Amino acid sequence: MTNSFEPTIIGFTCNWCSYRAADLAGTARIKYPPNVRLIRLMCSGRLDPTFVFKALANGADGVMITGCHPGECHYIEQNYKALRRFQLMRRTLQGFGIEPARIRLVWASAAEGARFASEVSSFIEEVRALGPLHWGKNDNVSSALTEAPIKKEEVPA
Amino acid sequence: MSDYILYPGCSMETGARAYYDSLKAISKPIGLNLKEIDDWNCCGATEYFGISKTPAYALIARNLALASEQSNGTRSVVAPCSACYLNLAKADYYMREQPKFGRSINEALAAGKLSYTPGSLEIHHLLDVIIYDIGLDVVEKNVVRPLKGLRVVPYLGCMVPRPDYDHRWSDHEFPVELDMLLKTLGAEVVDYPLKTECCGGHMTQISPPTAFEMIRRLIALADEREADVMTTVCPMCQLNIDGYQGEMNHFFGTNYHMPILFFTQLMGLAFGIEPKELGFGLELVSARNVLDAIGVQAPPETPPAPPKRPRKQEGLPMPSPLIKPQVEALKKVVTK
Amino acid sequence: MTTTAKPKFAMYWAASCGGCEIAVLNTNEKILDVDANFDVVFWPVAMDAKYKDVEAMEDGSILLTLFNGGIRNDENEHMAKLMRRKSKILVAFGSCATEGCIPGLANLSDSREMVHTAFTTITTDNPHEIYPMTSYDVPEGEIHIPNILPMLKTLAQVVDVDYYMPGCPPESAQIAAVIDLVIQVVQGKAELPPKGSVIGAGNSTVCDECKRTRNVKTIKAFNRIWGIAPEPSLCLLEQGIPCNGPATRSGCKARCPKAGAQCIGCYGPADGVEDYGARLISAFASVLDAKEPEEIDRILDGLVDPTGQFYRFNLAGSLLKAAVPAWKKEKA
Amino acid sequence: MTANLIENTSPADGRERIGVYVCHCGTNIAGVVDVVQVADWAAKQLKHRGVVIAREYKFMCSSLGQELIEKDIKELGLNRVIVAACSPHLHEKTFRTACANAGLNPFLCEMVSIREQVSWVHTDKAAATAKAKAMISGGVERVRHQVPLEPMTVPIDPTTLVVGGGIAGIQSALEIADAGFHVYLVEREPSIGGHMAQFDKTFPTLDCSACILTPKMFSVGSHPNITLLTWSEVEKVEGYVGNFTVTIRKKARKIDEELCTGCGICQEKCPKKVIDNVYEAGLGYRKAVYTPFPQAIPNRPVVDVDNCTYYEKGTCKACEIFCPTKAIVFDQQDKILNVKVGNIILATGYELFDARRMPNYGYGRLPNVFTSLEIERLTNAAGPTNGNIVLRDGKTTPKAVGIIHCVGSRDKNFNNYCSVICCMQSLKFAHIIHERTGATIYNFYIDIRAAFKDYDEFYQRVLEEGTLFVRGKVAEVSDVPRTESEKGKLIIQVEDTLVGKQRRIPVDMVVLSAGLEPRKDTREVAKTFGISCSVNGWFIEKHPKLDPIATMTEGIFIAGCAQGPKDIPASVAQGAAAAARVLSRIEQKQMALEPVRASVIEEKCSGCRICNGLCPFNAITFHEDRMVTEINPALCQGCGTCVAACPAGAITGTGFSNDQIMAQIEGLLMLNVDQEPVAA
């Protein structure tokens, strides 16, 4: 993969923990790459898989879901729902040939600004290594019959 | 049967043969399946670290690289020697925690067509494996000859419980794993506050008096608390306390007799294995009293080791530092 | 609208199995009303007609076209555009046209791989690995066969669609109702629903029509329908059988659950749902009875092929539309 | 009541008139993001998406900045506002109020955080500017789909629940009760008083802890407005701010509190002695029927069912026989009370760090190593030794005592935080022990933190008394002598970092100034009351500086050590502050709730019951008759989990609707492929 590639990451943050962690990272001036764009939800439990698919379909190369640590959810236990959806989502996305690593779940408390920043950075690097997804950008008509047919094992992963 | 990659390290076939023999003897009954790394090299328990980090760690990492290459599935590396354990764990830890450093190490390994992904292997000390993977219940099942009435000092030395990169031990100062094991073997465990104190280590080479005092302190307490035997998990500790006990006695004019055995030897005894197979008799401070205590026939005394030949001065003399005129001369050459 | 000249009716099948036509015929006598009230100008399965005849018609001259099947090759695409031009009301008829349906599952793989599978694997006796060619010279001249597109598209992804009628196939009763409605409209007795709306289906989900008793849901483990003997009156999902009913549009009278089989979702998503599969993922996952990642995985292992489970009918119509191989096609 | 949606503002009609305001925040933003460029980019490129005006200004939050917005709303008829500035957690209220002043529904104003999320965390100006654009584009898309919301108001029940009868809880209860409102004070132990009741003296004034505490305890016990429920625990909390229903288990005392006069004969006659691990910290004994200490409030004993002979053997009954008022009721059962309260104050206190977790200090292994709480009892005249400071043998007076600070605190192996009170407490011990025994006292400290009124003076005083201070973290406390002089002593091995060398100091007694820890069950308690805990396990306050009393959950306040380590004055102050907050709520009689909440579209709901089990606040109810689910807007906290879970898409969430978020995603990614935004 060329290092010139700049991935675009959509991040979903929970209003009580991770969004505040992002705020803290800001107030503490902790630097991380600008590839991530955050969306505030009230809780990671609000995370609808539709949002993730939408983001990927609209050109995001990776999606980061963040919430309060298990047991510390502001809404008691809704982050467990997020966890379960996340795990099922990863499985489903694999069926779409999307590397599970393209979506990451991160627990970050309001106090963990530094952790938030480092998670963002490492995720960006991981996605950068995976290369662009560019969903929906290769949808141009071409001939399936005039080209040599390929066997399953030859299909690019 | 649980599979492990074994990193024996230099001492196992030399100084600590008793350890290796007894390990081999006990591994079958407790279902410990060890596969030795092919073509392993020194664990790096040297002062090399002080001189140049990268080669020092690359040296260690080579073992890890080989291990993961030959692992076929198993992730656990077990090192019986505490120095080996510490160094392997340390290398893995630093490569993991400092990705940049990890990369540079891998660049070095690449020269030998090798590479190691930090964290891909779990480095365990033998004791940790026996307690937490195999389990005391399995050990207990194998005990046929409980070490009744044998007062044993659990001594770990400094390197196993500290710094404990992967939080494997119950505590860093007072780990209880060895105590638990000995209890399981039916022995009487002596409360031994010095269990993680220094055994003298390399001090025996640098400043013998210092080392002797450290050794004395350990043995004195064991003796004071009426121990029959000390047991350890570390070849270095065993070597110091066993090998230097005589000199120490001589130095202080004391007359301690405190045999020190590897915990695997005691396990073997409790499992009813023949002392010979367990490397009994190799120790300098005879552990016959131990065998007598539990009524086992001791193997015949081994003939005393031949006197050591005095060391020859070898190698070239140290190069003397450049002196001023030479420097000037060099400068000229350079400026030309 | 004048009743002297009968309004024109057309029906076309693109990439589909023909089930939709059967469903139409299953409306029994109703089919006569169609003939009585419409002048059927084009319906390949029922009557002989040539594309050029359609091309000859003036634009918008056909009142109602029921278009079933997805857009898999360039012929489908051409016809979709043609029918759009010629008809006033274009209805995406059946699951294929509305959301891709089973043919859409081919979007999970590269179209070239699909061709390979179709022509040289066990499915076909083709020892010399002969593949179709898009153009071929015969004594009579050069003949063409349609080329296959990289992925199957729904009708709406190719042309503007007036109404959607889901179902694989649509329930005959629903078809009959729609035909009635259109006739009423023709006779000026009724109003057409707003453009873009779904017709011939309910606007709630299958559970609404399912008579099985339901409790607060938790899923402890997933079962295959043949793995257990489902308790006949209890909600299937509560018995761990992955029933798509909760997310699937009503209108089928909950046929499958009634018969003891889980809903597989042929009526597609309910109103305003952007991604059918996502709804199910979210719903199923939300009610799993586990908190530890390992435990969750253990339960999810029981859900073989989640992608197929959630996108059996809706893949081409989903947000992601197709799997990486299909997208990647042109990248290499 | 519920947040109502106004349909005609659906984005499709393209009637949005959006104003975009980009804040420089001095150079905080402008230093990294090219705000001017961003502003006129927004004006040009986002026109087709409803942006009619885009401005940049030095400080949007200044009154001038706000006026700017208000003016535009009035003159340009804006019906949506985007403020690209700091985090909404700082100024969302500011700008929403400004919009409201100008007659725009405040919820049609959205903030985009280009300071915390852009200028402060990125260095590459071009990239930062691009990201700011993307985020504004996302914000615009989101706000287009925003609908006006109306907050709902709920009445406030004037009754208050205070949990925890330590000094903080006592203070809160008294403040509110004195103001004339009713309070339920729930305490787990048989008596109120908490840790303070165990102490001997209080630093720095050295006045007797009991002497200053018991009057307060007494007025709690006798206050007409306080219902005191000791030996009781809260089991369930339902409802929402202003309208909580709390289920309390009143554990069976086996004593009829009405009949009992607290004469104490039962305790006298009870033949069973039990080690008192709570009040006497394991150093003393109590009976199987007991009041923890003489001044206990209420002065009513409790029968310790686990140790009472009657419950073991079915015989004895000494207490029953001798009780003059026949108040002993062996078959008394737990009572379950349901009380309605409007606000709740949690003052559940702390637990002492278990020094056994540091084996190298020898507590539990070496007899003469004591914890701070044990010393409190030893020095206490009412304690097991009547205030004689002796070794475990019960007679020997120590000649040298080592006090180790920061045990379990400021230590990455245990707790990173400073336990605040240990320094002063250790100084207090140093003074008392020296005064009573004349022993040589060593203090082993990392830093001396004596930072409050008169604290440092006390430190000076103790210094002058000749107490020795060794700066360094103690490595170990050992009973293994190296020299004759060490024989029979406890040797403290420490690096004296001021002298820069290792020292071994032999002493007779070691005092471990153990740190403060959250109670073991803090997380469960937090769960019961619907609040959350910090990484360290203390209750999380709403804001560390500006609101250390409220929690994220409306109507639930925290006071005392439950919120974090603090000394008595601080606990009292926080207790009073919490009371003040509650009182102001009570005076308001009602309060407005954030209109962010979920609602079910009935005709879409098929009653699949997927969502029914998902709400921890029990806001979701299922109507068997109509086979539809309904959400109680007052109970709904707006997390949106059910919105995301509904397979039919039948649940909508105001403020965070699917439309809004999907639109925001689109907006954020419009600039992704090519920098020019595409038409929406």
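For reference, chains read A, B, C and D in written order, and residue numbers begin at 1 within each chain.
Basically, contacts are C-beta pairs under 8 Å (C-beta built on N, C-alpha and C of every residue); 3 or more make two chains touch, one makes a residue touch a chain.
The model shown is predicted, which means the values in this text are computed figures rather than measured ones.
Student: Shortest hop count from chain B to chain C along touching chains?
Tutor: 2
Student: Which pair wins on C-beta contacts, B-D or C-D?
Tutor: Pair with more contacting C-beta pairs, B-D versus C-D: C-D.
Student: Which chain has its C-alpha centroid at the greatest distance from the C-alpha centroid of chain D?
Tutor: Following the centroid criterion, the farthest chain would be C.
Student: How big is the gap, in whole Å, between where the Cα atoms of chain B centre and where those of chain D centre?
Tutor: 48
Student: How many angstrom lie between the CA centroids of chain C and chain D, rounded to a whole number?
Tutor: 55
Student: So what's the Cα centroid distance for chain A and chain B, whole Å?
Tutor: Comparing mean C-alpha positions, chain B is 46 Å from chain A.
Student: Using mean C-alpha positions as chain centres, tell me how far chain A is from chain C in Å, no decimals.
Tutor: Here the centre of chain C sits 31 Å away from the centre of chain A.
Student: Going through chain D residue by residue, note those that touch at least 2 other chains and give them in order.
Tutor: 614, 641, 644-645, 658, 662
Student: List, in ascending order, every residue of chain C touching at least 2 other chains.
Tutor: As it turns out, chain C has residues touching two or more other chains at 274, 279, 282, 286.
Student: Think of each chain as a node with edges to the chains it touches; is that a line, ring, star, complete or other?
Tutor: Graph shape, chains as nodes and touching pairs as edges: none of the named types, so other.
Student: Judged by the touch rule stated earlier, which pairs of chains are there in contact?
Tutor: A-C, A-D, B-D, C-D
Student: Applying the document's contact rule, which stretches of chain D touch chain C when the two form their complex?
Tutor: Contacts found on chain D: 603-614, 622, 627, 641, 644-650, 658, 662.
Student: Which of the residues in chain D end up touching chain A in this complex?
Tutor: Residues 87-89, 113, 115-118, 120-124, 127-128, 130-131, 134-135, 138, 523, 527, 530, 532-535, 540, 552-553, 596, 614, 616-617, 637-641, 643-645, 653, 655-656, 658, 661-662, 664-666, 668-669, 672-673.
Student: Within the complex, which stretch of chain D touches chain B?
Tutor: 359-360, 365, 413, 476, 478-480, 482
Student: Could you pull out which chain C residues touch chain A in their complex?
Tutor: Touching chain A: residues 74, 108-117, 119-120, 131-134, 145, 147-151, 274-275, 277-279, 281-282, 284-286, 288, 290-291, 293, 296-297, 300, 303, 305-308, 310-311, 318-325, 327-332 of chain C.
Student: Report the residues of chain B in contact with chain D in the complex, numbered from low to high.
Tutor: 171-174, 191, 193-194, 217, 221
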